[in-house]
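Look at the two complexes coming up: chain A is in both, with chain B in one and chain C in the other.
After this line comes the complex of A and B, so read on.
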């Protein structure tokens, strides 16, 4: 498994797209920090970019890379190697590459400009989101025969998680505003990895406003150390479950 | 300055009437005896030591001067010093040992129905009420430290500096922490509250009602349970104050309730849940303030009329300005908003398109507070952007017609509290 991991990673290191991704992030981060006078404001803008862009690119890149490597994967599959190991290695390699790109593109500027709690939370959640969407991407790619269709499914997944889910939540809030919906809405939001990451970062930025109304709910759950651990466990679960599903599907797949 | 002036005046009075100086030291004459034998306008020097004599009652004009921080301990029997005479100065003491009571407002220093009082440079530690003035005209309360006990629960706390029905009082450079209200004024008129620090109080840093024609400048209010709340008063001037880190469901940097003709200028509001709440105020002039990193920078209730906001700076707030109705009878102009994305073609420093500070998401959270969970999501941003372009839900009148492109001279308020921030 580690040999496959190593060679996939070496291949990824030469991949123009992965490099481009790293430099795109670097450009965006540097641009924001240099153009914006206030570092915290730049960080907030960067958060928006990371929360939307990281999942999208991780999804699309994982899917496309899986199809590009398809022939090599088939070649590996005829070798005396366990299929599980092949896919697991590929998944880990892609995740490593994207996380490294992310930490290079976003991590360096963030550490240079705003090495505070918000910055570190952003890096942590960005890393977690990359892993989550690599896992989702590979599970989509394994299950689809056609590359275009897989990319389509990936895009739909992204739109669902970034836009539709929040709209549904807002609709739910309006529809059931007469009912004590508050205890339900926070766990519901936390079910979506993007929302969960956003809440974790927001807790650091909008603390003053959050302490206003629902302070108790947020602060007690997410603010505590236990809440942080639970949140990151949830993100880990979001990575592990799709990845596990992908491996299962790959093992049974007719290559 | 004023203090020196007061002491000089007192000294001159003493000279004119031929007043004497009487010295009290531990083991010698007690303060009670000294108070009994002194004539009017005498000075009692109290040397270093601890004096536990129960409640001291001052019946004639004297100057009580502590040297080397003598401690007057009430012993927990009731009040510590009761002033029943006009023209009294109390300076340089450590005062402690009031009794907590639900019946009496026991205070470290209490003055009732007198005039011309100076209470300067004392340390009042772990007392129920600190300085309590009732029906007093012309008083100076300066340079005192009124420090309560952090461990005491709110029900057993009282106000640090408490004034009822007074006029022409100067409250200067005091520190009030760990009390119920730091500074509490009711029916106190024509007075000045300057350069004080009020922090970590379980209720309000500053609380006043029916206190007309007062001014509040260069004070620092931070980490108070419910911030600063001022009510039912006209002609209020609040300038160069700082309101910081007052957080909670009902905490406000500054709550203006039924305040008429107020001047709120050059204040700094940072890290509060609500920076400024304007409820039922008429003719407030709110200018050159800075609102930084608050949850809600300004909340204006629709029952406020003729408020004018000019030259204020709004940066890093979750919500800049919200209101609870469709009617906005306030005017906004020449403020700086960090969310403003307009342009300035004629380069006069003023944006060419108006800024609308009330976002649709702010409106949503006004109705459903827990919608905060969606704050800063992409969907909410898109919603806000579209609303800014074509306003349909937010009141059209709440807008800054001439927003500034750059913040006006940074660094206001210029002069800060000289004592700085006092840690507990």
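After this line comes the complex of A and C, so read on.
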């Protein structure tokens, strides 16, 4: 597996899109820190960018890279290699490349301007989100025969997680505002990796106080050490399950 | 000894059978030209042999062992696909090194003659993204022959190659045959089929209609050119006739 990983990573290291992504993030991060007078405000703006942009680019890039490599993947599958090893290696290489791009583009400015718990939480959640959406991307790509259809499914997945799921939670909160719905909302929020990441960062910035009782419930659960561990385990599961499913589908697939 | 043996092989996609009841055996030192109309099952047959497609029924034995989920049998196979695509940002040399690593090839154990004769040595420091389709085909040919496989599977190998390189490649096929390799080639070029093939395996609608020496087909029809003899021979066959297996 590591042989395929090594050369796939070498290919990705020179990939224009991966390099462009790193520099785009660097430009956005530097712009926000230089233009905003307040570092915390810049970090909040950067959080919004990261929570929207990182999942989208990880999803689309993973799908497109998988299809661009398809003929070569077939050639690898004809070598004395197990298919599991091929897909795991490609998934790990794509994730590594995008995480490095993210840490270069967002990590360097964040460490330079706000090397505190908020900054580190943003970097951790951004890294986790990259892995989650690379896993979802490879899972979609393996199951679809057509590249355009796969990209479409990826975009719908992204819209569902970034916009629709949030809207549903808000609707629930407003509709049942007279009931103690918060204990239900907490696990529901944890089911969406983007919401989960947002909550984790929000709690570090202390914006949870603005949310009243809901914020208090979030603080009570996610603010504790156990809550943090559960949150990161949830993000790990969000990565492991789609990746495992993708490998399983790839092994059974007619190439 | 049979290098490849298909036993009642069948593959179904949904309700459609792409291959059905294919039984044939190919010996060492034999060049088999796999031909047939588009959609006849040639690619599916090759993909079943390479482990890219799981058969619905039947079995395939390679070098005497029925293939299953263990990928080690593929160490004996060299494959040249019709469309050669590699990681675009790697150089040719890095690609060759990658394949060496995957194959566990030691220094000096590889057959590098095609690198020089196809002019791939001049491309070693070039990135794949800077190679033309023909150049990528040459690299693909090098990879197929490099690890001294005793089975070669070549899918339309001369498509996209210039005439000189095509000649060099076909000479390499004949050399591999002399060394005892079994070679399966799909081709639409009938001159190639007649010149190279020890047997012609003809597939139609997923059925293997015959696997005969080209001379048998030309003798039966009284035509010396295979491209003319073949339609006449097919016209003589009953719809379910299978011969020479």
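Details
Quick note on the criterion: the second predicted complex is superposed on the first by the 246 of 255 C-alpha atoms of A that agree within 3 Å, B and C clash if a C-alpha of one lies under 4 Å from a C-alpha of the other, contacts with A are read in each partner's own complex, and residues count from 1 in each chain.
Please note the rule applied: a residue touches a chain if its C-beta (ideal position, glycine included) is under 8 Å from a C-beta of that chain, and two chains touch if they have at least 3 such contacts.
Model, not experiment: these values are computed from the prediction.
With chain A as the common reference for superposition, the partners chain B and chain C occupy compatible, non-clashing space.
Applying the stated contact rule after C-alpha superposition, one finds that A:11 touches chain C and leaves chain B untouched. By the touch criterion defined above, A:254 reaches chain C but does not reach chain B. By the document's definition of touching, neither partner reaches A:50: not chain B, not chain C. When the two complexes are superposed, the chain touching more residues of chain A, out of chain B and chain C, is B.
In the superposition on chain A, A:162 contacts chain B only, with no contact to chain C. When the shared chain is aligned, no partner comes close enough to touch A:136: not chain B, not chain C.
Contacts of A:82 after superposition: chain C is touched, whereas chain B is not reached. Taking every C-alpha of chain B against every C-alpha of chain C after the fit on chain A, the minimum distance is 36 Å. Common to the chain B and chain C contact sets on chain A is no residue at all.
Taken in their complex, chain A has these residues touching chain B: 38, 40-41, 44, 47-48, 51-52, 162-163, 166-167, 169-170, 173-174, 177, 181-182, 185-186, 189, 195, 198-199, 202, 205-215, 217-218.
In the complex of the two chains, the chain B residues touching chain A come out as 247-249, 271-274, 293-296, 315-316, 318-319, 338, 364-365, 367-382. By the touch rule above, chain A contacts chain C in their complex via residues 3-4, 6-8, 10-15, 68-72, 74-83, 252, 254-255. The touching residues of chain C, counted against chain A in their complex, run 13, 47, 50-54, 71-75, 77, 79, 81, 83-90, 94-95, 98-99, 101-103, 143.
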